[in-house]
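The chains carry the letters A, B and C, assigned in the order they are written, with residues numbered from 1 in each.
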């Protein structure tokens, strides 16, 4: 399982204008893992994903590139190039294309794949994984419920057949039942070989299914350990699992 | 008298097809990029001149010039967007008004300098051929241009809704950043969209030679008509351009028959104003409202 | 703030120097400057409203037209002297601006632009058709005219006044409110700014001065028809001059109007037909390379230069 890491982040620093939001963040994701990044609002979790996807300008506090994917630097790449390289992002709030139908959203996920047949096959797979979407196929996405939109966003990301999936708070604003469905979906995708990096606020769920986790606070990595260890860590329990 | 009105109505509808066609291009450009193209009518003028020069210079039947007009304006539009308009896509709208206005000045006055202000007519052997129907006169050429307009609008609508490129265009219009996250090269989509809008406008221009003489200053009034059409039909809504175009064609034709042109223009503009005030999303209610 | 006050006094000094010029100057330059001051005045009016709020008005020519016709009709019908009709023209323009602005300022962006344009065009057609009032397409001859130097001084005075008002607005609460509306109107309203009133006040003030300038110009022309004074190209020149110079700055319209009018004067003489092509090219280049206008870009560059911090 531990060949070279799929994703390597070294001393990542990121800015919004003049304001620094990430300070020397380092982490890695190995092939086939589910890695969680947890932390409070404003910690910089979304920014982290943004840096990987090329949406946010990043640089390294050390020498060399800040973000390495499969050994190659992602620094300075445009989002459309990163996506073409096999990484897909499910952004915060799903961000489905509101005026397009559920089906069109999914088809668009496979934009980079010119092979019609393959597209159809992946479509069948995705609809099989999320039967709810099948029912809503011709509905405009804006009329779908929050949970359905989240499923749609994940399905859309899967349509590009990525090797690496990033999820930004997939459980945000969702009913607990819906949340389990989503997480079960993520686990099953992972079992089929997809590496996952998950940014979450629902700490219990995230840590339960993750192989490893990082705690990000105020733009810095505070803790890093296996999912199990983090769940029983006293700091994490007090700060995030307060009963 | 009623025959006159019906004839006027028919003329209006036939002209309305053209209005709808190039206004659809205008609407598409605004809907996807938020750019109000004040040089839009000049693209139409260029299409008309392509047809004229090929007709006079090469002896080509005007209908055979259509593909050249489409191709030529597509390339021009693509380049205009890529080289200049792309810079103002994210910027405040006024930048695009002024930029496209500057382009309007350049294009229309270059045409004026190159080709002089003399109106040019395109008349073929069959120009006067009419279809007589129930006492009405339907010029064949205008009938054919109308059918072509409808066909192309339908094609555009189909393209936007049933092809990956069309979906990409829609996605870019709805959420630009997310579109990039699905691998769409947004800059290329913008250029493609503008090229498409320019191409169908060039087509409309080539067909306009059946309705009027060609001269370099003919563009601006058509741009203004495009504004009216998309306000009526809804900004950024393609089927709305069809509705708006037909209505405007009819209104224009009938009102010039009934009133002096000054009052009918005043009334049209005032109605346009009221429309913006009370129903900015257009008759269909599907327009983009800020 | 010492720097700003100095700026104001320098401006005042410059204006006074220009006022003294006719006693020394050559007639051609006085003529040219008269036209330049006219356009500085108009551009500054446009900038006062639109440069700061970001609302794009394409119907300003309505007020040059209203001004010209109100003054003209009053003079023809009642024989009142020219100088009395000027403020009346401004008043007329202001009142109509109040009526127009009230509903129209609810619109935003492209819709506001198209709406103002549509109204101005409609108004022009009405002026054309309502021959009983305006003589329509026949045109109206203005019975009174001032001396050349009088126009020079009046335009200089009005232009300086509008620029001074802009300066005052920029440095006081009113200006902050306008800029806040530009940034985020919704938020501005929530903070307690009465956006509708402020917009309306600015719009009406702008129209008032545009009306007076239009009235003066009408008398200077001596004879005009509706499409001379309601011409959309007047509005377009105002917009471009503000943009070229820098929207939302005090000196922007001054620089922009001077620059464009000088170019027009030079090119118009040299290149006749071609000159509009060149103007178009200049506009395109400025938008692409100097999007904040001449003044705006300079301010931006200076700001960056003096901000070198580790």
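Operating definition for what follows: contacts are C-beta pairs under 8 Å (C-beta built on N, C-alpha and C of every residue); 3 or more make two chains touch, one makes a residue touch a chain.
Bear in mind the structure is a predicted one, so any value in this text is a computation, not a measurement.
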Central chain, going by Cα centroids? B
Among all chains, whose Cα centre is located farthest from the one for chain B? A
Using mean CA coordinates as chain centres, what's the gap between chain A and chain B in Å? 44
Where chain A and chain C are represented by their mean Cα positions, the distance between them in whole Å: 53
Chain B to chain C: how many Å between their CA centres? 32
Identify all positions of chain B at which a residue touches two or more other chains, and write them in rising order. none
Sites on chain C at which at least two other chains make contact: none
The answer for chain A against chain B in the complex is residues 53, 55, 78-80, 83-84, 88-89, 91, 95, 97-100, 104, 107-109, 111-112, 156, 160
For chain C, which residues are in contact with chain B within the complex? 54, 56, 103-104, 106-111, 113-115, 117-119, 121-123, 125-126, 128-129, 236, 239-240, 243, 247, 273-274, 276-277, 279-284, 287-288, 291
How about chain B: which of its residues touch chain A in the complex? 161, 164, 167-168, 170-171, 174-175, 177-178, 180-186
Give every residue of chain B touching chain C within the complex, in rising order. 30, 36, 84, 87-88, 91-95, 97-99, 101-107, 109-110, 112-113, 227, 231, 235, 260, 262-263, 265-267, 269-270, 272-273, 276-277, 280, 289-290
